[in-house]
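Structures follow.
One chain, chain A, links the two complexes that follow: it is found with chain B in the first and with chain C in the second.
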Partner chain A sequence: MGRLNEHPAIKKAIALVLSYVIVQMLISTNIISDYLQVTLATICINIILAVSLNLITGITGQFSLGHAGFMSIGAYMCALIVLRMPTIPGFLLGVFAGAAAAALVGCVVGLPTLRLRGDYLAIATLGMAEIIRVIFLNLEITNGAAGLSGIPKFVNWFWLFVFTAGTILVISNFIRSSHGRACISVREDEIAADAMGINTTKYKVMAFTFGAFCAGIAGALYATSFYFIEPGLFGFMKSIDVLVIVVLGGLGSISGSVLAAVLLAVISTLLQSFPEIRMVLYALLLIIIMLFRPQGLMGSKEISLNVFGKLGDLFASRKRRV
Partner chain B sequence: MERLLQQVVNGISLGSIYALIALGYTMVYGIIKLINFAHCDVYMIGAYVGYFCMSYFRLGLLPSLLIAMVVCMLLGVAIEKIAYRPLRNAARITVLITAIGVSLFLEYGTMFFVKAETRTYPPLTGWLARIFRIGNVVISMQQIVLVGITVILMVLLQFIVKKTKTGKAMRAVSIDQDAAELMGINVDTTISFTFALGSALAGAAGVLVGIYYNSINPLMGMVPGIKAFIAAVFGGIGIIPGAMIGGYFIGMVEVFVSGYGNSMFRDAVVYAILILILIVKPAGLLGKNVREKV
Partner chain C sequence: MAILKIDKLSKSFGGLMAVSNVSMSLEPGELVGLIGPNGAGKTTVFNLLTGIYVPSSGTITLYRDGREIKLQGKKPHNICKNGIARTFQNIRLFRDLTVIDNVRIAMHKNVGYGFLSGIFHLPSYHKEEKMLTEKCMELLNIFKLDHKKDEYARNLPYGEQRHLEIARALATDPILLLLDEPAAGMNPAETSQLTELICWIREKFNLTILLIEHDMSLVMKICERIYVLDYGMAIAEGTPDEIRSDRRVIEAYLGEAANDA
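And then the complex of A and B:
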């Protein structure tokens, strides 16, 4: 039995189930009120966005400023399907159709633009996201600037948990796979990776498509938890918000992205009581954190479940010394 | 034909503003490889300084323009000293996030002090309010002043960059920072000077946009900022004449798409052109492709 406890997969499963059950209990006992549930949805959606952007920017080293574009594709696709099929299968179909559409666009856009490097890629992806936004603004079916409203709400803590934990698990496993290692090698030195026989274009497009897929899921969850979407929600600032989370958490650190998404949501909830200077304080905090911790909160390290074990050891050894 | 000429006149006016802002982006990018997101907010501050000078202190156009340029110059230098200099050796993406932080701070700080409402510039009087008609083409004095001041500033900038010692230092630092330092160039001062020049131009653009479009608000910098940056990339980022060409080109495209096509698509067309340019010639119109050495 002791052996079994130490198996990492089982530890992970226990941690996941525990976190699900604890939050579910807090919701049923009303400690997490309706208002906080909205924050919870925002946090989970931001985690999915940040972790997937981290795969593109932090792990593969491709600087993308167009994540909101993929998110909007997922959101619109899912909203359009759910408005016609307001059932749970319709919702699931919408989420996966949205994610698939975003991934398709990601692949089509990625193939030509990923030849660009650094800031040029950033500008190209920014332009791509803006074009997507303008298209949604002008299409009949998306109802233009007025947006789609009355989208049935399907998202609850269960679905949020399934998709968020799913994204984190899949992406963190991807990073540890040989494909993930190849992506990291592209980040470290593209020419060297190429020389070692890694098909750099393939891995860049793979990471980009996969990131877009997850952003599509996030968009679909957004549409089905907030009733209303319009093109303005997915502008340049949304992409920037996601990038801020990724860099704040630490490029390449999945747990850093999760931590930063939670932290920023907490900060912005706390600042709700000063509506006038909320954004000013937010901006100041951002500058200060970057000045004093340029590598982000976690650097490129990860929090693992062993942290608790190590903390326990530290505590025990202190006690012994006393 | 007349309609075409009218669009050209409007395009040149709009392009002048983009070109002035793009110059600041391109110079800063050329020297420290940073997309200075706060640049478009310096332009917004310039518009507000001009507004207060003209409506509260009743100053004329030229004094207001000069005051706005000086204030923006100081602001640009301060931003660089406080927010970017400590991160000179950090990863570029970190500095980028700091720039976004500074941009949000300026936008919402301004909103806190002057409120979010749109303000209108005082109407121009006297000779500045004149309108010329050549056939059916209408050219207002504002447009002439706008283009005139832009051209003067660009010539001045070219002179500073090409003919003065500081300009030479700027070019040297943008080519190789370490080598420039070894040659006895004070890199910090040169970078400050670049920010000062770029911000002064943005301040001028702010005042000019105020007199041309009449309305200003704290978030007015965002969209022109992105467009101006695209103009800089279009012409070849880091290249001063490139930014000018890019600015006028983007201005023209926008005016023509709204004049002859659907104005809703004007932004999309600009971005599509940008992506095409990047794919065909990533270094921009005037840029040279530098081969990467291992």
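And then the complex of A and C:
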């Protein structure tokens, strides 16, 4: 057993299966009610959005305000497919087609805009998301401002888990690969990275496309969780919401993004008992957190599974002493 | 047969000619110095050679494996892939990354696994990463940085940051190494240590080296040939002894110090 524990892949697998089973049990025993399941879906979708935006903004250092645009492409693509093919294969096709469409747009938009830096890039991506929104608002097939309704619901905890865990795993693997390190070097010092043989444009576009792909998945899950989508859901504020999660969790920290997505959902749910001052309290909390942790909850660090190992050791040594 | 030829290279920023009509040539295995007063255009020459600036006119040609490679107009990462590596005057390490990651990033162009292997950590990922780590450790060992591999680059003492920058440049597997003021901010003991190190890596890695330096003790000691720039123009070229006694150079730059030396 001890030796098994040392292998990181096995540790990871155990942690994943455990978290799946625990939540599944909570759902079966109705401790997580139908209402809380909606929150659960929101959390998972926000995690995917935040982790993928973190890849673009935190890891590669490209300030993007257009994440809701990519999300909407995934959502509409998936909704349109699922409305015609209301089956599980149709759902999976919808998710991947949505993600692929978002990635394609990400790549096409990224090539010219990623030449811009900092605030200029932010404005360009903001403009891109608005253009996408206006296109959906005016297309006939997307039913304009009225949006698409009656989208069959396919998303349950199983699919949420598969896609959320999948996104987290794939992105954290990417960061620890040579391609991921190339992205990080672009954030650290673009001139030096270029001089060390890193094709900076290629890796910026790669991160942008990859991030857009994952945002497309999040959008597809959104459409198939909540029955209804309209262009207004994917406005500027949605992009800001995602950015808030990323900054709050810590730029560059994947586990920070996950933590922040969960925390904000919990805060927002708890605050629902005070509807009048909900947004005021929410904003106040954000300000307080940013005042005391300007680098975000996790800074650029990651929670690793070793933390649990260390906690275990601590516990064991305490016991022995007793 | 030269390894690098610069022909009538010019660069103007608006009305200012930062570099005008500079021609140079480097022989394989040479250690050449590039000196000149502040603002003479030395770093601009480096930036032109590495593609950070595009020349206004003139050509830069690299001769490698019997091929002629025109470098003007190429992107920095392409020039690096062709075998020119550099360090920066004001150290440009990846400050918030570990020592080993700084070197690993520079080895990226030799990494054989693709995007999919990277995101799914397929067997080729593990194999290549292991080889990469071993190669990095070898290099860090040479610079006596191996015990600090997990330290953040920003936490290294100044001298070690300079060393790490040279190690990072070597990790790109260059044939020509450009050092921009490697001894800046070092005390005499560190400088003499660095002088030995530069000579040693030239032999070990079979390099041609072009270096910018203000510390004349270093330049006169190790450079076989020296080019002198002033106001963007090459005013002299020759061995250290010739440069020391060149009237124009003394006027422009060396002044009394050279006569004393």
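Just so it is clear, the second predicted complex is superposed on the first by the 310 of 322 C-alpha atoms of A that agree within 3 Å, B and C clash if a C-alpha of one lies under 4 Å from a C-alpha of the other, contacts with A are read in each partner's own complex, and residues count from 1 in each chain.
Operating definition for what follows: a residue touches a chain if its C-beta (ideal position, glycine included) is under 8 Å from a C-beta of that chain, and two chains touch if they have at least 3 such contacts.
Computed from a predicted model, the values in this text were never measured in an experiment.
The superposed arrangement places chain B and chain C next to each other on chain A without a clash. Here chain B and chain C are compared by how many residues of chain A each touches, and B touches more. By the touch criterion stated above, A:Leu16 is placed in contact with neither chain B nor chain C. Look at A:Met85: by the touch rule set out above, it reaches neither chain B nor chain C.
By the document's definition of touching, both partners, chain B and chain C, reach A:Ile191.
In the superposed pair of complexes, A:Ile32 makes contact with neither chain B nor chain C. In the superposition on chain A, A:Leu126 contacts chain B only, with no contact to chain C.
Chain B and chain C, viewed from the C-alpha centre of chain A in the overlaid structures, lie at an angle of 80 degrees when rounded to the nearest 10. After the two structures are overlaid on chain A, the closest C-alpha atoms of chain B and chain C sit 8 Å apart.
191 are the residues of chain A that lie in the contact sets of both chain B and chain C, per the superposition on chain A. Residues 57, 63, 112-113, 115-120, 122-124, 126-128, 130-131, 134-135, 137-138, 191, 236, 240, 243-244, 247-248, 251, 276-280, 282-284, 286-287, 290-291, 294-296 of chain A touch chain B in their complex.
Against chain A, in their complex, chain C makes its touches with residues 50-52, 75-77, 80-81, 85-86, 88, 92-97, 101, 104-106, 108-109, 111, 113, 115, 117-121, 125, 128-129, 132, 168-169, 171-172.
The touching residues of chain B, when paired with chain A in their complex, are 29, 33, 35, 83, 86-87, 90-94, 96-98, 100-105, 107-109, 111-112, 222, 226, 229-230, 233, 237, 262, 264-265, 267-268, 271-272, 274-275, 278-279, 282, 292, 294.
Residue ranges of chain A in contact with chain C, taken from their complex: 170-171, 173-174, 177-182, 184-185, 188-189, 191-200, 206, 300.
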